[in-house]
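Residue numbering begins at 1 within each chain, and the chains themselves are lettered A, B and C in the order written.
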Amino acid sequence: MTSATIRLDDVTKTFDGRVLAVDGVTLDIAAGEFFSLLGPSGCGKTTSLRMIAGFELPDSGRVHVAGRDITDLPVHKRDMGMVFQSYALFPHRTVAENVAFGLRMREVPKPDIERRVKAALAQVALTGLEERKPGQLSGGQQQRVALARALVVEPPVLLCDEPLGALDRKLRQQMQFELKELQKRLGVTLVFVTHDQEEALAMSDRIAVMNHGKVEQVGAPTEIYERPRTRFVADFIGEINILEEAGRARALRPEKIRLVPPAEARVAGTIETANFLGGSTLYRIRAADGRTLLTRETHAGERSPRAPGDPVGLAWSDSDAVALEA
Amino acid sequence: MISRRTLLGTSAVAAATLAAPSILHAQAKTLKITTWGGKWGEIMKATVLPAFEKEFKCTVSADQAFPYVPKLQASPKNDPLYDVLHTNSNEQWNCFTEGLVMQKITAKEAPNVADVYPWAVSDKIVGVAIFTSAIGLGFRTDKGLAKPTSWKDLADPKLAGARGSYIIPVNSLGQCHLMMLGKIYGKGLQDLDAAYKALEQLKPIKLVDFTGQMEKMLLSGEVSMGVIHDSGVYRYDGQNQPVDFASPSEGVMALEQVLNVTPGSKVKELAFGYIDYMLRPDTQKLLAEGVWYSPANKKVKLDAKYDAKLLTTEAKVATLIQPDWKWYNARKEDIDARVTKILKG
Amino acid sequence: MSAPLQTIRNKQPFDAGRAAYLTLNGLLLAFLLAPIAIVLAFALNPTPYISFPPVGVSLRWFEKFFRTPEFTNALLLSLWIAGCVLVLSIVIGGACALALARGNLPGRSFLTAFFMSPLMLPAILTGLALFQSYLLVGIGRPVWGLILAHTLVAVPYVIRTTLAVLHNFDRRIEEAAAVLGASPTRVFFEVTLPLIRPGVFAGGVFAFIVSFDQFPVSLFLVVPKGETLPVVLFNYMKFDLDGAIAAASMVSILLALSVVLVLERLIGLKAYVKL
């Protein structure tokens, strides 16, 4: 399968002349990359994706795919795949007809259509459900049909807008693996919209964190997690301690703080709450100077011996406290 | 679902129907008339109109769908919807006041008018009457009732709830009955106060709006005696129905069938020809015997059975009382309001 | 399979609420169907007047109905007109509804109200106004004029039902088709049309019945020998009030019912309920 680069070049989109949904976004997405747009509700993820798909025309800026400027190309000529949060399956058509739709539009010969629909449904483990209507499928099955429908045309680009959002947690995790695996196997460039940071961290090659229509940071999951550039990114991804030192904010992940005997401590304090999380425990510690700090301690097997009220010492290395942009 | 072919077919038929009337126009003159439905309409369509069309080399477009007068009113005066208007006398008067029909049809326009009884061209008639029915009392013969001799017999207390008349605002027979009440119980046809009082005394009474309904009420026995026109009873002659008609001694009210021509008609000669044709003795005989109407033409000789019952002599014709519709129509609204109140209570 | 299922099914305890609900439904149904039953009784009753209770069963009025050319011609004309009205109002009403729902027209709510207005105008006025305008223009009263008049009062029904479907329409479905390579025209025919069709046709069924039953609009617009069934029945009643009227009503009811059933079979009006 082919894949293509995507480039958003200083793209801006306003709705009704008032709502600035996307504000000067520039992104370079490599061919075959699993790329996530991550951010809170209303930050402009969907709007960005819809501009790539061609549903929205940017007010300014250009959209390139495979090096070609497609800003003014109508949707149906862009040759992309898309999976919607609501799946948007054709309710009046069977599963097989849904999947065959894109091939029909491309005037693929009938026997080829049959063969490819069969293969696509096998790929998402839906063999045998060809003649059902979408209304007769479970949410997970509908999701797979939507995926098969988008992928069967072998698009160089696959756009997914919170495709797993409607699934329960268990199914969602399973689909995360499957989708990731499928994307790698096919080599398609995948733009994935989500507001779930765990999902983005787990699946993506790279993530763009968005806020108020702007991209705050682009990077690999580890980079985003360990080296957040802004306070927003640091705060949005996982738990964080923000240390104000010499007028400069630094971000320190809870697991980078060690619990040590009070003598070796940089800061002393007492445990306020202890949240058992399975493989680890998250403590909230009231420091002697009045600050509240989070630390995470992993432990194998038995429960942590510490309890609220215990006095503890905290230590970390300066290199783990990442300086944030003002 | 709708194929292109059916759509094309539809428009082709639509185009054909669009073209059809103009072709007819090109072939022959068309006379536009109104006429009744029912048995009358059957005879007209089966016999009278085809013969007329043949003789006068024209096409007759006969409207049998009410309401004629509003349709005529709504159409342009210089190109009216009808050339000949056939209605009862009261509606002719309405049309005449609005200038929709002519005042009189005389022997000059339709020579057969010379042979009609005076009632057909009296001052109570605009246009010319071609038939009349007699409004009197219909009654059941199986209820031990004596044949009524007076309009007052309808007030017999035994008939409470079993006597019938019409909804006065919408039915001219009801209006005739009201005027008759004024004559019997008061100073004359126009004595409305006496009529209102007498109407009050007739309650409880069954009222119908269509004239034809009274026949059915009599036939089904829902009404034992009711105001009705003779033809509505005589048409069951020989069918073994226990109903009969009585002409009260005070006289019967005339229910005239009137023909008239619209001043704006483009085929006036043909229109007069049609009226003359309708007054011909053989046309008159055919229709009179078909629907039990009394003919206007004095020269008509009906078969004995009909001659015995219909108003075919000067003496019998003398029992006809013609209402003054011009007078009545002028105060119809007041009367309607008044009788509605009386009959509601 | 079914036997063990039945044995383990719990016995429903007597439920007073449910019994009351069923009784109420039964009564409502009886209330709605009673007039039809009465008409049927009159249609089958052999006496020439409406007698109650009926004295027997005979098909003479049905025979009279089908043997009288006035009735059968009027019936055919009414069917033909209603068929045309069905087609026309589906096309016009469907297009209007799409324009209203999708067109981004200025003053959309006003336009919606405007298109609905024939529903509010007394039909007799619509008929009279058209009658006068036809005469004024000098086209007389052609059949297509009558069809047009019926369409005018029928179109709002189609607009209404179609708008209802469009209102709940998930436009993502159309977008999905577009991404998959469907041009706007193909999106319309492959997705939009099939999905709004139940609404359009439900309106079409109303349109058919509105036309087939139409009396006030037709009153002024029918021509001699071109009278629709309701007009013929009305005029017939003034002279002969017998069971043929009841027979005609029964025939009309059955015909209207079969049209609904055929359309239901053809396009599945049930889908409308699902949407």
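Following the convention adopted for this analysis, a residue touches a chain if its C-beta (ideal position, glycine included) is under 8 Å from a C-beta of that chain, and two chains touch if they have at least 3 such contacts.
None of the values given here were measured: they were computed from a predicted structure.
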Pairwise touch network: line, ring, star, complete, or other: line
Counting C-beta pairs in contact for B-C and for A-C, the higher total belongs to B-C
Computing the C-alpha centre of each chain, which chain sits at the greatest distance from subunit C? A
Taking each chain's centre as the mean of its C-alpha atoms, which one lies nearest the mean of all protein C-alpha atoms here? C
Rounded to the nearest Å, the gap separating the Cα centres of subunit A and subunit B is 88
When the C-alpha atoms of subunit B and subunit C are each averaged to a single point, how far apart are the two points in Å? 37
Once you find the CA centre of subunit A and the CA centre of subunit C, what distance in Å lies between them? 52
Mind listing the subunit B positions that touch subunit C in their complex? 1-2, 6-7, 10, 14, 17-18, 21, 32, 36-41, 61-67, 70-71, 74-76, 79, 81, 210-213, 215-217, 219-220
Using the touch rule from the top, collect the residues of subunit A that touch subunit C in their complex. 53, 55, 74-82, 84, 86, 88-92, 101-102, 105-106, 135, 149-150, 153, 159
In the complex, subunit C residues that touch subunit A: 170, 172-173, 175-184, 186-187, 190-191, 194-195, 271, 274
Can you name the residues of subunit C that touch subunit B in the complex? 47-51, 84, 87, 90, 128, 131-132, 135-136, 140, 142-144, 147, 197, 201, 219-220, 222-225, 227, 231-232, 234-242, 266-267
